[in-house]
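I have a structure I would like to understand better, so I am pasting it below and will then ask my questions one at a time.
Going by the order they are written in, the chains are A, B, C, D and E; count residues from 1 in each one.
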Amino acid sequence: MTSIFSRPSTWVPLLILLLLAAVPFVAQATGQQFYVAFFARIIIYAIAACALNIALGYGGMVSFGHSLFLGLGAYVVGLASFHEVGSGWAHLALCLGVCGFVALVTGAISLRTTGIAFIMITLAFAQMGYFLFVSLKNYGGDDGMSIAKNSRFGPVDLSSATSVYVAAFIVLVLSIWWLAKLRVAPFGMVIRGAKQNARRVNAAGIPVLRYQLLAYVMSGMLCGVAGLLLANLNAFASPSTLSWAVSGELIVIVVIGGLGSVFGPLLGAIVFLGLEEVLKTWTDHWMVIFGPLIVIVALLGKSGIVGLLQRFDPRRKPATQPAATTAPAAAAGTANTVKGAV
Amino acid sequence: MNGTIVFAQLLNGLQYGVLLFLLAAGLTLVFGIMSFVNLAHGSLYMMGAYFAASAFQFTGSFGLAVLAAMGGSLLLGLALEFIAVARLYRRDHLDHVLATFGLVLFFNELVRIVWGSQPVFLQVPEFLGGAIDIAGFTYPAYRFAIIVVGLLVAIGSWLLINKTRVGMLIRAGAVNPAMVAALGVNIRLLNAMLFAVGAMLAGLAGAMAGPILSVQSGMGESVLITTLVVIVIGGIGSVTGAFYAALIVGIVDTMGRVFLPFMLRQVTERSFADAAGPALASMLVYLLMAVVLAWRPQGLFPANR
Amino acid sequence: MVSVLRTDSLTKRYGALLVTDAVSLDIGEGELHAIIGPNGAGKTTLINQLSGELAPNSGSVWFDGADVSALTIHERAKRGLLRSYQITSIFEDFSVLENATFAALGSRQHAFRFWAPMLAGQEARRFAEEALEATGLTHRLSVAAGDLGYGERRQLELAMSLAAGPKFLLLDEPMAGMSVQESAAVIALLQRLKRQYTILLVEHDMDAVFALADRISVLVYGKILFTGTPDEIRNHPEVRAVYLGEEETGAEA
Amino acid sequence: MSAFLSVKSLQASYGHAQALFDISFEVGAGEVVTLLGRNGMGRSTTVKCLFGMLPVSSGSVSVGGERVDHLPSHRIARKGLALVPEGRQVFPNLTVEENLVATARDDKRSRGKAWDLDRVYVFFPRLKERRGNLGSQLSGGEQQMLAIGRALMTNPRLLVLDEATEGLAPVIRNEIWRALAELKQDGLSQIVIDKNVKALMGLADRHFVIEKGCVVWQGTSNDLRGQPEIVHQYLGV
Amino acid sequence: ATIGLMAPLSGPQAIVGQDQVDGFMLAVEQLGGKLGGQPATVLKEDDQLKPEIGGQITRKFIDKDKVDAIVGLSFSNVLMASLPRIVESGTVAIATNAGPSPLAGAGCKANVFSTAWQNDGAAEAMGKFAQDKGLKKVYLMAPNYQAGKDMLTGFKRYFKGQIIDEVYTQVNQPDYSAELAQLQSAKPDAVFVFYPGGMGVNFIKQMAQAGLMAKVPLYSVFTVDGTTLPGLRDAAVGSVSGAMWDAALDTPENKKFVADFERKFKRTPSEYAATAYDAANILNIALGKAKPGDSRALAAAVKAAGSEVKSVRGPFAFNNNNLPVQNYYAFETVKSGGSVVGKLVGTPLAKHSDVYRAQCALK
């Protein structure tokens, strides 16, 4: 007990989750419904970032194309609604199926490459998806499509911001919980191992590609769920969700929070989207401030906010940074086949 | 569809390819050789175009404008290197993507503050203003100037990377800077110089593209992605690869744009062809990249090193 | 002696360079077979082909009576054919214990398990702890592998191979970078393990080779020059000329 | 004898973990010294500090009487130091020949015959055979030869060899010992770290035993021979 | 009164948003900081041209700020994404930049107005203009997205001659030499294009450099306007654009607007500034009549105000579908003194209504 509450890196995020749980009630009480929608969006992005964190943070697969899955998730709802399908279960099944399948195919191809090529090929797939939806004239093309039939799960209809909020919050909590378990579960260890040294994982008797592919598929599917929620929140699906900038934002969120950490995506989403909102109220030229802030985050390294909090943790070493030298590891010939991070 | 037009379009593809290479050249140095994923290359290119436009406005001389663009972006590159980039070489690509993504946002907005949101004006120099007639098609003379500059840059960077000790040291430094330093080489300085040269080439590309493209905030992104595609298809770290890949992408993109809708019309309904043709054409470059990488993950002409 | 690992004129070339030249080996159950040879003779390349990391141009590899030539590394690892790396290859972000447990787990079961922590796996953990004990790393269990000194990394590398519970161990210079004391410990360890596992040892440390090997093959320019007992090797004039040198006849230091 | 290199009460840490507590030793011009010790005692860490690859937290390093402990690596190296690092660290993406020439230097201050490509190739014919291969395509031992050759190509005045014979065939190893002796004749100062104490005793003038980040014993080869218990206690032989 | 003003204020299209903000604020300033006699608070938000952000801002305006009206609403994709919440709440919204066909037709809403245009209008005018000129063969080009397709459809609605080819290019395409070669070989009487923003600058510069401006007359919509002319200058000379407004329009209201705008912001306004300026003036009239807080009454008042306002574009009124009834002009880009300006060369469509209004159930 005491251990949890003496560690800021654990209790701060938990406290934030608790506060988020209170948002709908507070909003109800104060009549500020807007904040429900606002935080719902943050939570949905946090889910997407959790999803990316599986591939990127745990598996070291620098996907610059996760907007593809966010967009696919959204369009599943859009297309289903267009064709008069309102069942949330059908939406969910379609979403998982489509995102899983697309992730399987694109992942199988992308994972043939490593490093920069992996970044670029995932970007390419997302761009293809973007252009595909832009040219779907019947479904609104670049104007996007309004969603008349929100996902309906039995008695629960995701048509109000509050219902989306509740659903998203539950998904987020489950995701975080699962990610915490996954991190040190055998599967998590395998993909985290593959990030450091894929060759060694193979030599240990584990067919590393299968694990990476599955991680990529799971990541894509969870991201799709975020897309589904996003579509319900906005009652709208738009190709702009698939643009490369969204992929970039998701990466930024994951890294700001703390790459590969359990609570990182949540903290990252709050800080990133919150900051954007705050800066926008100061000046139209908010990007002049926002851009350099991102640069600073990159310079500070990947332990992100979680790493910052960990500094206040008692009896715990700061997250091991690639210290002064990783000399022997950088030794010649250790063809480091880490996806995305050669 | 006759032979002349196919030939004319081939020529268009080639010259688009050279334009792409011009954009890719600086990036190959930084991205390919130093292994630094520089999304801000597009921003440097944009800044080059703006520098050129401003200098042109003051002096009226295109030559001076190009010089100003190169000088300005060289200095800018040095400053960026000093402030941020130098600290990132030894980190992985993710940090590069992140930091330079931030820089892209910054520069796009900075440009709007300084030069406003409207596109600024940059003109083709008087002496290159004419058009040349080839096989019944007129070509702007300026395009030939771009080809010449592109080829010069290609040769120059190839020599720098493959034939000089500086090139070797930079390649070595990209992998193990501590060791290079321990052997008595000021790798930091060297990297800074190379980054600045890359920035200068970006600026040159911006100045050269300025007269034919809209000089405005965000002009870097659309070309940046195509440029990255070029480099990856060519094989990271290979100047020759980037050159061939630029030509291939230029031709595939051009031919696809022009002939794909046309061919689809022959085989399918017109309405479908009109919808699918351009969509397919815009995906073509990405499709090409996906196919190439799936087939040869290391790119078409990987640097043999 | 029952043959466990056999190669049939295994050949690998890089362009014009023949790195392994029709190598035929036969290693019996429980044997400790050493391969020595000049630098660049093709020892690591041979091991890579045995472990499945490299595909030979021609020839085949038989393990436990089956042709494994077409199997991948991880499939061979699952059958108990494991290797350690010449260039240290550990998971720097994981703790020492996690590294070993990982190795122990990988060779025994699949890791498509998404909930319970890896370290909670009793069986794998036990193997890992035993291997760490054997290599003398017990006092460093929770240290991140990236913080280990070079010698300790080598120890961990070896521990990982042991934890995997191999039938057959391919050891590529396990003593490289170890001080005399640690080498001696590893020699003692291998002495103990000798009959349990079949071991193929590549090593330039002649103390170790002569102390441990049942038989030694000498690889020169990709060809097996000679196979024999340590005594035969020690006194083989050609081996002395190309590899051992004049003084190198036994214990040094 | 005026010391070419002198290290005084050196301390250094990796992050929070202190690795060096009290390291002092000197290397005279033309002298060969060794750093002895078991694994993880701090020998390589000392070397990293010499080359400015790890910041020195206190103490000093001087070359030719001049403090260098806060200079960047390349400035230190330019004073005539060359490193054969632990774990080889050849440049994997450069060919053998490029590895050799990329950082080559002709230092007028160095004594003896200058090292150039030809001389290195005579010394390591194997490298000549493999001259067009990438560093990553070399065998372990070939990489080691390359690392030594690369250091020699900077024509140093002080050569630091950290486990330079690791992974080399015995014949080659003997060659190296012979060559180091020759270099010593030429007047090249050396710091050698190796596990082969016997060979070191033949080569070196003085030995420094490092235990847990401190120099705990120092003396000449004869002293060492005369005190086998030292060897036993600190090196475990 | 509290007005929420939403426009793209960052990114490449920021100029469009900036002009809207400036146009709107200029009118408010001229009205002494008041709308309908009440002190006006204008809340400005950047939608970044992202539909999702647009939706969020709309919610903020309605749920948090409780605005009386929302103005701007960016491009049609952002407008469409904002629509659900606007319709649900009944808040009055005036689009100053878009009039997508769904909103003009069956999807029209009593509380959603546009002071801009139905997307096809200007293109229809150019079609009519080409038809009136007696052109036989025309070549059409547009980027491959919704608006591009709408524009070409609009052109074809009034042009009855031969369409040699209809070419859809990639969005944000930098290089047009291949398309220009095709164009050249097709030998049309004229080419009609829709290339907003940077695309238009790219296209026209390259067309001019290839020496085609002299050979093939260029008709365009939303391509040569206040937002792009500074980057185009001489390159655009000779081209004809269809629009419902230009700085060159010779009415007293417009003269004052252009002069004041230029004085204040040191640049020439674009049609986006004009639509926002009109929107402010319409709101001023409407807010003077409707009780605050009653959005139904305000919507009715806005509709009525459409016919009363002295629009800078000449005749103006709201149609049954709440989109404008207005003139569409043809302007030729000419050199005048040192600068490049528009010159009125015709009014192909006077007091024009869009075709979709028949499908709209509103009166």
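Heads up, the rule we're going with is that a contact is a pair of C-beta atoms (placed from the backbone, for glycine too) under 8 Å apart; a residue touches a chain by one contact, two chains touch by 3 or more.
Not measured: the values here are computed from a predicted model.
Engineer: Please give the intersection of the contact partners of chain A with those of chain D.
Structural biologist: Output, common partners of chain A and chain D: B, C.
Engineer: With centres defined as the mean of C-alpha atoms, identify the chain lying farthest from chain D.
Structural biologist: Using the mean of the C-alpha atoms as each chain's centre, the farthest one from chain D is E.
Engineer: Using the average of all C-alpha atoms in each chain as its centre, how far is it in Å between chain A and chain B?
Structural biologist: 30
Engineer: Counting only Cα atoms for the centres, state how far chain B is from chain C in Å.
Structural biologist: About 48 Å separates the centre of chain B from that of chain C.
Engineer: Please tell me the distance, in whole Å, between the geometric centres of chain B and chain D computed from their C-alpha atoms.
Structural biologist: Here the centre of chain D sits 45 Å away from the centre of chain B.
Engineer: From the C-alpha centre of chain A to that of chain C, how far is it in Å?
Structural biologist: Between these chains, centre-to-centre, one finds 41 Å.
Engineer: Provide the list of chain B residues touching at least two other chains, using ranges where the numbers run on.
Structural biologist: Each of 108-109, 112, 175-176, 178, 278-279, 282 in chain B touches at least two other chains.
Engineer: Among the residues of chain D, pick out those that touch two or more other chains and give their numbers.
Structural biologist: Answer for chain D, listing residues that touch two or more other chains: 14, 53, 85-87, 89, 91-92, 138.
Engineer: Can you list the chain C residues in contact with two or more other chains?
Structural biologist: Where chain C meets two or more other chains at a single residue, that happens at 87-88, 147, 150.
Engineer: Which bits of chain C are touching chain D when the two form their complex?
Structural biologist: 14, 36-45, 86-88, 147-152, 173, 176-184, 204, 206, 242-248, 252-253
Engineer: Which of the residues in chain B come into contact with chain E in the complex?
Structural biologist: The touching residues are 5, 8-9, 12-13, 15-16, 19, 108-109, 112, 116-121, 123-124, 129-131, 136-140, 142-143, 209, 211-219, 222-223, 254, 257-258, 261, 274, 277-279, 281-282.
Engineer: What part of chain A is in contact with chain B in the complex they form?
Structural biologist: 56, 62, 64, 109-110, 112-117, 119-121, 123-125, 127-128, 131-132, 134-135, 137, 244, 248, 251-252, 255, 259, 285-288, 290-299, 301-302, 322, 325, 327, 330, 338, 340-342
Engineer: How about chain B: which of its residues touch chain D in the complex?
Structural biologist: That would be residues 165, 168-169, 171-172, 174-176, 178-188, 305 of chain B.
Engineer: Would you pull the chain B residues touching chain A in the complex into a rising list?
Structural biologist: Those residues of chain B that touch chain A are 31, 35, 37, 84, 87-88, 90-99, 101-110, 112-113, 175-176, 178, 225, 228-229, 232, 236, 275-276, 278-279, 282-283, 286-287, 289-290, 293-294, 297-299.
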